[in-house]
Structure formats: structure tokens, C-alpha cells
Amino acid sequence: MPFDVLIQQICNGLVLGCVYALVSIGYTITYGIIRLINFAHNSIFMLSMYFAIVFVTMLALPWWLGFIIVIALTAIMGVLTEKLAYHRLRNRGAPTSTIKIAALGVSYLIDNVVIVIFSGRPKQFPTVDLLTDVFEIGPVRLQRTAIIVPLVVLVLLVGLTYFLNHTKPGLAMRAVSRDMEAARLMGIDVDKTIAFSFAIGSGLAAIGAILWGQRYTSVIPTVGSMPGMKSFIAAVIGGIGNIDGAVIGGMLIGMIEVMVVAFFPGLSSYRDVFSFCLLLIVLLIKPTGIIGEKVADKA
Amino acid sequence: MNVLETRHVTMRFGGLTAVDDLNIVIEEGEIVSLIGPNGAGKTTCFNVITGIYQPTEGEVFFYGEKLNGKRPDQVASIGISRTFQNIRLFKTMTVLENVLCATHFNRHSGLFSNILHLPNALKEEGLNRDKALKILDEVGLAQYADWKATSLPYGLQRRLEIARALVSEPKLLLLDEPAAGMNPKESDELADFIFEIKDKFHITVFLIEHHMKLVMKISDRIYVTQYGKTIAMGTPEEIRNNPLVIQAYLGEEG
Amino acid sequence: MEKKNNAIFQRILENRNKVLTIVFLALIMVIVGNLKPWFGSYWVRVFNTCCIYSMVTMSMNLVNGCTGIFTMGSPGFMCIGAYTTAILTLTPEVKDAVYYLSPIAPWLRELNTSFPVALLLGGLFAAIAAFIIGFPVLRLSGDYLSIATMAFSEIARVIMLNAQSITNGPIGITKIKNHVTVWVAFMALVSVYVLLRLLMRSTYGRALKAVRDDPVAAEAIGIPLFRTKMTSFIISGFIAGIAGGLLASLVGTIDANQFVYSYVNQFLLMMILGGNGSMTGSILGSFVITTALEVFRFMDEPIDFGFWKYPGIGGMRMVLFSISLMLIVLFWEHGIMGSNEFSWDRIIERVKKLVSSIRGLFKRKEEQA
């Protein structure tokens, strides 16, 4: 493989991995806090892409303003799903399988509403030239996203780490994920903290969706299912409940997906299966994920 | 013949040593108690014997057969039954069904004859049902056979759990705090009940208990543990007068 | 004479439940037999679909409801069953026509069996798949297990999608002959229902429930967790495989994308609506939801209310459907049956209660008058 293509592929893998990482943080945070695999997260991802189409393409807002609104709205949607669906069931002490099914139901509902409003036909995602222009370093031609996406993700991760370790709401989130009842007794507003974690997870998913849209511009109502699924797998592979794990898992899946196809073009039609196989392998060897700690299934 | 023997059994969880060099020998027909303050590793000891945990070090023998590496269901099927500290009944099932579950591993009819209710399966089911009813009768639960297990009063739930453990005709019965939550009268009855089943079913009993009066009354021998270590062993009389025990355990209770 | 009549009456009373069952079955058979003349072939097709979906839902209920392990692999098993049945029932000549883009593997071309054999083989392959993936997957716990079964389902789908010379790749298989008459679907449903009910009443069924209720206690009384879960998983895979085969034959064309992992949602919802752990509930849930989806079709068509013309929005029925399902999950989580099974005693008790409460109502009125 020529050197310039290799560099290009590494950058592709990096960008893909970064998006997966952002989305998988959403899965991991909600799992860490309320032990729920939020099956609706991929629908939230998809929804934010349609928000972007509405605000940037249809309403023709400046892209930066539009994207900020999209991120905020998506965060609100995340909180709404928690408040309207999961919160009620949790308070009633419903079994986790019921809450899991509620999550599936929410996902189903969002998908169907989007289909009714926007139809199933593909729509064009509003790309931003500033992000997608191509530049050259020697013989290597790269899209700007190859630099910008990792930078954005790096900044967000540093911010998130700071937030979790040094701010009051961040510490409250960590406390709730450690022991919800103890946190409640210590005077932490658990419901608010859970809502907050959904807001952060959904906001990050929106950023991930915007970055994803710069590369894959065709938007259909099922657009979230594959990136969502893979991010989810990334979260599990890294050790669900663990943010560092989600990032590592996301990067790993993005890289493997791009690299296997790059080195073995014959396998390209199987590209969606790599991550699933990796998932099965990791679950077999170390069910708690690469850096996951054992989360006791409370008997 | 030694029914149960643990040799240098040690169980560590990370940095915590829950059981430290445990050496217990139980002979046929004995009632042996394991006592010690909370967190002394008593239940962990049961969990090691029954295969829920594999010991970090040491070996467990049952009638000379090594138990290390066996799963809980395998341990149960060679003749060790147990009850749990916090009663574990099958909550969607009736009293009779709870007992019947414990006859499952001993079946001779296969899956297909059971699904199709072939004569051999039906016959076996009938025999097991009779056996379960007989046990229920012996522990005084016969009239509750069709009740939901969880609708029984607490004391009877304990009895049901013991009945479930007995139906498979074990050789060794492990009781984890059978008197927990009982008033003095109930625990007196429990003592009689334990004597009774020991004679009726020819079993050896090994129990964990906090209730000193009960322990002193029924035990042939007593092991005392503290922080995972065995600090004394002997007859109730010896234990009562052992200064170490008085200091470590009885002393605390005043 | 009167004495003799009394004796007969007595015997009927003694065997009340048996008699009721026979009458009920006869009634159902009459309805099923006359489905086409009474309701038309459209509803016959809906009925057949209901029967097949009921089988899938029951197979899921066996694992999720009765054994308490939350699996999501049904689409994968259905996919295996569907392809097996489809490939085995096509004659070599038809296969040549169907695999027009690239030819079928020669050894497969000649393979041709009758429908029942193909169906059973489909179930068998699905059961073997369940056995193989059960080894790693069933050792996992809780959420990890659900995820892993979902992963299996996706892997099965993508392999089917790409194994061009076997499955005809993304084009899918067409021209599958429809063997699924009303009676085939109905008998398949009844036999699965009866077998599962018998299973749940046997010592094996108790073992499954014991594992669900309290795995630690189950193990402590000698029930091997892994083997018990495996038994349930394999039976479930077998049934889902057969249902997949029936579906392939009913629909006439299959392609792997039909069996995408989210396909499982609909069966989960049928299971929840019917009642987790109740086979009778699974059938009711499947029939209610499948029929409702058909009835909701009017939502997609324009309606003239006189004062307002509803334009007919494509996909509206799915929105309505998902909303009603959310409401069920949120407010009616025990579903129609709870974990109870069908029993005449319970129904009669209900009716008696109803009658006496109605009587009470009348009495009060009389007293007031």
C-alpha cells in the first residue's frame, strides 16, 4: 500500500473512531448511572441530523448558530426521553427488562415520527466548507475533518474529564453512578443528575452526528442505526460504564473497520460485521470490557 | 468416616482475606456449628464448600471426594444441600413445586418423554410428587402444598427451604443462620426440628448461627472464627469456658 | 330415564373443563375452516402471519419470560430457518432462474426436499446455531447476554447477505412456493403451544422457572444453570427457525435485510403485551398487534370527515402503533395475561364474579325502587 494512501486511511480510521467515541460516551454514561442500555440513543443521533437539516438547510441559519441550536435541542430531547419514559418506570421499581423494552419503544417512536415528517427519502446534510475542504501535505491529500474532528473530540474529552473530576455536577454524576442510594442520602439530587447525564450524552451524540454528516452526507431515518450500533459495541468493548473505555473502544472499532477494508478489499462487504465479531470475542475473553470493572448484577 | 473435611482453605477477594486457613472436620451423624461475629467469613465458608466460590488455596473433601472445581449443582447432586441466610425460595411457584424442583437433577426420564408426558416420565413425576408431599408432611407443611411459597409466614418459609434441601436425600445439610429473625419460642422449636430431621433422615448437620442458646443446645462441636481465622474448636462446654472465645465473641455481647 | 340423564349431566360437570375445551376447539376449527369464505383471502393471510408471529413470540417467551434470560437473537434464527426452507423447497430449474446474477453452488442446486422436511431441517439448523452460539453467550450475564445475542443475529444476517452462491446475496430468494394454508399455520401454532405448555408443566419447565426465579438457589438444589439455559435456548431457536421457514413460504420472497436486528422489537412488544412468561399471552399479544397493524392501515389513507379532510399520511399508523406500545409498556407492564396461562377455572371464576356484580347492581336498584 502506498504511503499516502496509508496516511489517508489512518486519518479515515481516526475520524470514524472519534465519532464512535463521542456517541459511545452517551451509552456508557447512561449505563454507568442507571444500568440501562439506552437503545434510543441511535435514534437521538439520527434525530439530531434531521434537526441540522431543519435549522441549517431549511431555515438557512448561519451554520455555527444552527449547530449550537441542534446540540441544545438534542440534549433536551435526551432529557425528555428520560423524563417521559424511563423515569416513571424506574420510580415504580419496574424490572430492568421492562425499562430496556421501553427504550426500544422510544427508539421505535422517534424513528416513525421522523419517517412521517421527513419521509424515507434521503436528504442532504448541510456540510460546512470550512470543515470539508481538502488540503495537501506533500503527496497526501486530506480533508480538513481529518485534523478538525480529532481536535474537537480531544477538546471535548478534556472538558468532560475536567467536568467529571472538578465540578460539582460532575462529581454528583460520579457519585450517583457509584451508589445511587448513598448519593441520595448525601443530599444529591439524583433525578436532576440523571437528567443531566442524559443531556450530556445526547449533546455529545449531536456533535458526533454533525461530524458524521460532514463525511456521510446522505441522511435517511435509519441513518443512526449502524453508527449507533457500533458506538454501542464500542462502549461494551471498552467496558461499559467507563468513559475512557468508550473512547478506546470507539477508536479501536473505527480503526479496525477502516484498516481491515483497506488491507483486505475483498472483505469490504463484511465491514459491518467486524465490530460484531470483535464484540463477541471481547465478551468471551473479558466480559466486562477492556478496562471495565465488574459491575455486580445485584442478586 | 469424615463427612466433610476442609484442608487449609483460604479465600481471598482482592486484598481481603475472608477465610484464612480453615481446617474443619465433620464426622458422620454430628451436628457442628460455625460461629463468629458478623463478617467473620462464615457464609463465605459455606459458599466455598458448595462450589459458589473456588477457594484461593486449600482443598475441600466430602467423604474423601475432592470438591474443588465442582459447580454448585454438582456439589448438590453428590449429597450436600444447603439453605440460605436470606431465604431463597422460588417466588412464582407453590410450596409443592418448590420442593419438586429439588428432585430435578435426580431424574431418569429425558427431555422428550417429559415434554410428551410419556408413561415413564409420568410415573417418575408421580413418585417425586409423593416424596415431596411426604417431606412436606414431615415438616408440617402438608396443608400448605398449594400455597404460593412467598405467602407462607416467615418461620414456615424457613421450614420449606429445609424441606426443599431434604427432598434430594442429602448426606450433609448446611444451614445458614436458620434461626435468624426467630423469637425464643420459635428457635426452641427449630432446635427440636433439627434434632428430628437429623434422626429421621440420617444426615449430618453443619450450621452457621448467631443464636448462642440454640448453638449450645444442639451442637456436638463448635468452631469459632474471627476475621476469617479459626480461633477455637470444641464441645459447647469447652467453648463456653474458652477465654479467647469469651473475649472475641461472647464478651462483645456482654 | 331421568336418573340416567342426571348421571350423564353429572359426568359432564365432572369433566367440565375437558368438555369446554372440546367445544372451544371445535368452534375455533369451524372459524379457521371458514376463514376464507367468511373473511376473504386478505384476512386469511393476516391470520397466517399472526400464527407465525405467535410462534416466534412464544419461542422468545420461553427464553425471556420463562427462563429469565433476555435474549434478542430471534431474527437470526428466523433468518436461518427461512433460508433453509427457501433453498430446499425450490426445484433446481427454479433455482437457475432465481440465481440469475451468479449461479447457485452446484451441490445446493440439486438439493430439493418436500416442504415439511425443509421446515424441520430449518428448525434443526437454527437449533444447531443456538447450540453453537449458546456456549459463549449463555455464560454471560444480564445485559451482556442481550448484546451478544443481538450481535449474533447481525452476524448471521450479514453472512447471509454476502454468501452469494448460497443465499443469492442482496437480491434475496424469490418464487418460493406457498405451502402455508390456514390449516398448516393453525396446526403449527397449536402444536407449538401444546408442546410448550406440556414442557412448562414438566420437571424441565420447573427447572427453567427455578433458574429464572433464583439462579443461586436453583444451582444449590442441583439444577445446572448452563445446561438448563441451553435447553431453553435450543428449543427456542428450533421454534424460531420453523417460524422463519413458514414465513419464507408464506411471503414467497426473502432477503436477509428483512431479518435486521431491530426486527426483534416487534416480538418483544408482542410478548410484553401478552404477558411475560405466559404462552397464551404471547398468542394473544401477537394476534392483537398484528391485526391492529392491519387495521391501522386506514391511517395512511385519506379520510373525509365532512368538516375536515384528513390527507392520509404515509407511516402514520406506525406512529400511532409505537405510541400505543409505549403506553402499554409504561402503564400496563403486566400485559393481558400477566404470567398466567389459559385456564377454564379462572375464566369461569371471572364470569361468576362479573355475573354476581351485575346482579348486585340490579338488587341495589330494586332496593332503591
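Every chain is named by a letter (A, B and C) in the order it is written, and numbering of its residues begins at 1.
Here is the rule we go by: a residue touches a chain if its C-beta (ideal position, glycine included) is under 8 Å from a C-beta of that chain, and two chains touch if they have at least 3 such contacts.
Keep in mind that what you see is a predicted model, and the values were worked out from it rather than measured.
Q: Which chains are shared contacts of chain B and chain C?
A: Correct list: empty, since no chain touches both.
Q: Taking each chain's centre as the mean of its CA atoms, which one is most distant from chain C?
A: B
Q: Take the average of all CA coordinates in chain B, do the same for chain C, and state the distance between these two points in whole angstrom.
A: Distance between chain centres, rounded to whole Å: 42 Å.
Q: From the mean C-alpha coordinate of chain A to that of chain C, what's the distance rounded to whole Å?
A: 34
Q: From the mean C-alpha coordinate of chain A to that of chain B, what's the distance rounded to whole Å?
A: Whole-Å distance between the two chain centres: 49.
Q: Do you know which chain C residues sit against two or more other chains?
A: 216 - these are the residues of chain C that touch more than one other chain.
Q: In their complex, what parts of chain C are in touch with chain B?
A: Answer in residue numbers: 195, 198-199, 202-204, 206-207, 209-210, 212-214, 216-225, 231, 277, 339.
Q: Where on chain C does chain A make contact in their complex?
A: 64, 70, 136-137, 140-144, 146-148, 151-152, 154-155, 158-159, 161-162, 215-216, 261-262, 265, 268-269, 272, 276, 313-316, 318-319, 321-323, 325-326, 329-330, 333
Q: Please output the residues of chain A touching chain C within their complex, sorted ascending.
A: Interface residues on chain A, with respect to chain C: 31, 35, 37, 85, 88-89, 94, 96-98, 100-102, 104-109, 111-113, 115-116, 119-120, 225, 229, 232-233, 236, 240, 269-270, 272-273, 276-277, 279-280, 283-284, 287, 297, 299.
Q: Of all residues in chain B, which touch chain C in the complex?
A: Touch list, chain B to chain C: 50, 52, 71-74, 76-77, 81-82, 84, 88-93, 97, 100-107, 111, 114-117, 121, 124-125, 128, 164-165, 168.
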